[in-house]
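See the structures that follow.
One chain, subunit A, links the two complexes that follow: it is found with subunit B in the first and with subunit C in the second.
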Partner chain A sequence: MSERGLAGRLRAQLASWEGFLLLVVVLLVALNAVATPYFLTVQNQINLFQLSIEKIIVALVMTFVIINGEIDLSVASVMGLAACAFGWLFQQGMPAGLAVAVVLGIGILCGAFNAFFVVAVGLPSLVVTLATLIAFRGMARILVEDRGIGGFPDWFNRLGQQPLVGPFPMALLVFAVLAAVAFFVLQRTAFGRRVYFIGLSREVAAFSGVDVGRVKAAVFVASGLVAALAGLLYAARVGSVRGDVALGFELDIITIVLLGGVSIFGGVGTVTGTLLSILIVLNLRNGMALANITGHIQTGVLGVLLILSVMVPTIRGWAARLFGGGEAVR
Partner chain B sequence: MKLFSVSALALGAALAGSVAFADTIMAEKGKAVNMVLLPKFLGILPFDQANRGAEEAHKELGNTGTLLYTGPTPENSVAGQIEILTTATSQGQNVVMLSNNAGDQIAPAAEAAQAAGTKVVTWDSPIPSGKGESLFVAQVDFGSIGTVMADMALSIIGPDGGEFAVLSATPDAANQNAWIAAMVEALKDPKYAKIKLVDTVYGDDQSEVSYNRALALVDKYPDLKLIMAPTTVGIQAAAKAMQDEGLCDKVKVSGLGLPAEMVSYTLNGCAPEFALWSFVDLGYLTYYTSYLLATGALKGEVGETFNAGRMGDFTIEEDPGRAGAKRVLMGPFTVYTKDNVEAAAK
Partner chain C sequence: MAEPVLEMRGVSKSFGATDALKDVSLSLMAGEIHALVGENGAGKSTLIKAMTGIHRPSAGTILMDGREVAFRDSGAAQQAGVAAIYQEPMVFPDLSVAENIFISHRDRPQLIDWGRMNEEAAEIIARLGVRLDPRRAASELTLAEQQTVEIARAISLKVRVLIMDEPSASLSDHEVRRLFGIARALRDAGVAVLYISHRLEEIFALSDRVTVMRDGRHISTRPTAETTQAGLIAEMVGRDMAGRFARMPGQAREEVMLRVAGLGRAGAFADISFEVRAGEIVCLSGLVGARRTDVALALFGIAPADAGRIELAGQAVRIASPKDAMRLGIAYVSEDRRRLGLALGESIAANITLPALPRYTGALGRIDRLRELADAEGFARRLNIRAPGVTVPAGTLSGGNQQKVMLAKWLNMAPKVLIVDEPTRGIDIGAKAEVHALMRALAGQGVAILVISSDLPEVLSLADRVLVMREGRLAGEFPGETATDEAVMRLAVGAV
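Entry: the complex of A and B
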């Protein structure tokens, strides 16, 4: 009994998308470890996260946005605007600490701006955030023009570049904390359930007495705030800013979230899926880089991943039939 | 005692002298140095040419290590360069030769590389602050560009003089504007008195726009003898426009261009002279400099003179454009004519 039960449970686990992702992560780590001696070094493992830390932080909040049935294409432009606004304010003589606070406020405003047009005006978020993708980037470029701004205070650069606790830099700790918060809020709170509910059906949620507008607004504001935080972390990590900071990051971020099993139509997905997907993308990139595979091929592989990720529901169906675990298909 | 101190002084002077007048540093062949050539991005000809020069030097020096040519995609240039530099550090590569496209954003990664023992030598485009950079191998002294263009204009238009116009990139392209200003300054010399700059137009560094602007110039100035385009896109488009309209006998084209793209126009007389630096040579010199640094033969200090194979001797100097940074200057512009363009176009 017990053996068959165990096998059955294992089959059910594998049939779930998260189970499949976990298998891929294990495979990738094993392959990387065999392929190159540099992979398992502590420094490489930290670099692996650190090089994409801003993207994966924003991917956490993007998980909420997409499960909620919306999209936020403006995140990378908010990151760019945040980084450039910080540089500009600092250059105008504002103390860096105060500038950080102001920039986080700007992030909230950006999110609120998106939320206003999506929730109050009722425009599709695809259009609204496409417009703000352009607008926020434009503002960033106006602020710093074609220059680079650097020379930030030592404490600011140190936080971005040096280990803070043990070998871990601050951004990695921020990511860990935000991941825990995201997991708790989405999977364990009433607010999280409302996010799913609205994503599944906005109308049903509204008729059931859920304040749809409020939840959506909260998610967009959180998206703006976290993106601004990510922009600041980027500025600290590279020690200077330019108008093209984080240009194009939104596509990588959305790729990660969709690969994690979050449905582009809303209502489906988990923070765990996003976290596993993050591990896959980072390990894949790092492994390819250590194997000296050029950027063009890396981009191609990520493109294949994206196609794979939008096929998630279909693949889930196949997997379920293959392993016979019908109940695993949510 | 006095004698002793005098002799000590003499010894000191001798030592100092031996440093100051040290022989040219030569590369010791056959060492194992792992090197990475990191361009701004992959997929355009000049960087591939630089790689060819690096491969030539790699073979010549009998390096038993590896030479890796890798780069990001154009859309991901900044983050990609930082990632590749960081990965190269993890791999324990000895030198990364970087054509920097990330401004100072790459400085922390370069400093981390240096701290871990990976040298960072920039070429083509330096790290603006110089932080994390061992040396910059500069292609040309951009200060000389004004004279180079004025001389080509004089040589093409001839001693009888005439009108010419500039076809530039965009109105706010910093490089081009500086170069045009340098040329205008150079033209004040009496020897250029008979050649006259009548207009400056912009082709936005797009082939089609540049092509049309070139034709519009010919319509507007019937006596125009030359179009000077300080951009590789503009010069090629202008030359094609003159060739297509059968105007090459009347209006010539010159400026900054790539030999591979200009060779047919130079041979058929549409663009008899143009200038650029050789990216093959730049890759070759960068490789030599990096190899010497990585093997410890070169300390990377101002005043050191070293030999770079077929290109001869070079000396490390202060970079006049960046305080505290050091550079190796490759040399003057190469002016290409029908005599040397074919060899360079390969």
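Entry: the complex of A and C
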């Protein structure tokens, strides 16, 4: 190893995309804290997460999908379908507890449907999930049409709207648990290793005896399941559902993941990167909102960051050529 | 004699430390069919690429009509009248014949006059003595017809030098005869045709002069009428015997580890039967395109065989996927390191442990990182992999070291049968010797080894037995001690 010791490791960390993201997070938090004393209160931090909680939960599983070399555009529609199916089942008189279980099953089916066409039929996931984005959304609208369905049981709404443990609501706890699981599975297990290899080169993976189809199918099913869970959390938080629940969320979710340093070509990225990216997006939006900057400008700032994140390898290449000697790794 | 159309003077080309072309001089005359022969790796492809502007020579000059030229890319070469067609035709399947012919024209008006384009296309095709509707989509054509389209494209660009690289490899006899007709028509029209083929009988049937290349050097150029098949073969393989690797005594044991009987896959190979004993190194020799790799892919379950049987240590087995093969103890080290062998962005350690990952996982599928790193470091030491550490991406290593990582990856699963495809292609001589020593050591431990190699000296020094394949079939077999360059090459090219 060329760089040993704490200083060297620190330098290497800071030179990585994650290091840069961490720097941005610290800067943003500092700026926000100085600008608004209210910013650093526990309640504001919880609110900040709560407002986007469903998106950031799905961003965790989207990290797997994109590192695996695929894309799942249908997640927001699955969220919408899950929320609407829950509302409709509840309206038909099904006990809410049972409806929750059925809806999670629907999420698995949605994921399996995507997986079938990507893995067994061999179609590109971009096309398959674009089609199911439309189809699942259509089903959601058919179930609920334009009216809202509400009046869910108290226990259900309370789970979404009130703190469960200390000041933390359930959705935030779910996010924390899922983040820990995602980190463990992707960065520490054989399954996660296979996800990376398939994303880097499915041929190399296949020639090494990896069951490429099974891994991909598992990732898509997980994506459907987590999206359905997020849809249920949305229903509980808002207390009612409509056909346009989570409409367009997929773009925000994918933006978060790519900003976190996950390569759209697959094989590169980490859960840590996605988590840092989540902190950046939330702090940026919150800080700019507190500073009375409009949503459109907020979106523009995110766009610039996203382009920067995609350009990281290019910028590194420039730097390597400029300063010479440095190995340009991809 | 007339002035040459295209002349190469002292052209060299090196890639890193390897010299693909060394001081090659060659003249192509207007109105001749000039054959180019040589073993795999003799430098023919590099020569073509230098002629067509894909590679820039490291030294030497290329002249056209006596004036020095330096093509920026293959487009520039085409505009100057140098075009090449290859074994696999390069056509746009969704475009029509006429569109494919005129695709490279940059001087046409932006608006397309379809009627005129089809007429002109028909005219060019007729000149080749072929019937082909210019309005048909290229995807509907046979391989031979697609080739005709490519040749027509070259003619439409006023080709002066047409390079045909193994154009007959995938054609039927009838189509080959038609191709010959086209080549002769071009010659009579004053085009210089450079014809490359492994089939010596074609060379004698078609060419006016023949050039032999070997190890990146120009060996000879003579009128074809003054040469014989035996003479050409001797020149193609005749290398300095002192430079050969020393043969080692065989270590084969009694037990037959792998037996293959009547193995076949439609469209690829047929009726392949052989056996490999424990501790034996069997080399599968033959020319590129002899379908040797397809046999390996069948044994490894990537493209399973549809006929015949495979026995492992006396037991009949079914191999439908790499997983099946690996469970049976068969490992396959691919020839295509970058595309199929290693994930270059992943660490050396992760690449080495990938096939054997279940062995490293504990509760909840957690990978034992320490054991993984220890094993990878063990291989790095044993195989002398020169790397700053096993956690660096495999892509940062040199070709030879990547090759060793790939071997380590498969040795890590302790295979009973090791299939190695082109084990030393493109790696330096030192790494090559290390890889050879490693394979001998493995054979000594009782591993049955099947080596696919286009490198004849390698085959002759490694093999306990040499199998020769030609066009999807076994053409013959030699014991390692008595195999010679000439004998193997004779079978490989199908010389009588």
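The rule is short, and it goes like this: the second predicted complex is superposed on the first by the 306 of 330 C-alpha atoms of A that agree within 3 Å, B and C clash if a C-alpha of one lies under 4 Å from a C-alpha of the other, contacts with A are read in each partner's own complex, and residues count from 1 in each chain.
The definition used in the following text is that contacts are C-beta pairs under 8 Å (C-beta built on N, C-alpha and C of every residue); 3 or more make two chains touch, one makes a residue touch a chain.
Note that the structure is predicted; figures quoted are calculated from it, not measured.
Aligning the two structures on subunit A places subunit B and subunit C next to each other without any clash. Touch criterion met: A:296 reaches subunit B, while subunit C stays clear of it.
Contact with subunit B, but none with subunit C, is seen for A:44 once the two complexes are overlaid on the shared chain. Once the two complexes are laid over each other on the shared chain, residue contacts for A:194 go to subunit C alone; subunit B is not touched. Of the two partner chains placed by the overlay, only subunit B lies in contact with A:161; subunit C stays clear of it. Rounded to the nearest 10, the angle at the Cα centre of subunit A between the centres of subunit B and subunit C is 130 degrees. Contact with subunit C, but none with subunit B, is seen for A:208 once the two complexes are overlaid on the shared chain. After overlaying the two complexes on the shared chain, residue contacts for A:267 are found with subunit C alone; subunit B is out of touch. Of all C-alpha pairs linking subunit B and subunit C after the chain A fit, the shortest spans 33 Å.
No residue of subunit A touches both subunit B in one complex and subunit C in the other.
In the complex of the two chains, the subunit C residues touching subunit A come out as 300, 302, 321-323, 325-326, 332, 334, 339-346, 350, 354-355, 357-358, 360-361, 364-367, 388-389, 391, 393, 395-396, 409. Interface residues of subunit A, counted against subunit B in their complex, comprise 36, 38, 41, 43-44, 47, 51, 146, 148, 150, 157, 160-161, 237-242, 244-245, 247-249, 285-286, 289-290, 292, 294-296, 299. Those residues of subunit A that touch subunit C in the shared complex are 1-2, 184-185, 188-191, 193-194, 196-197, 200-201, 203-211, 267-268, 327, 329-330. Considering their complex, residues 41-43, 68, 70-73, 75-76, 78-80, 82-84, 86-87, 90-92, 102-109, 112, 128-129, 172, 174 of subunit B touch subunit A.
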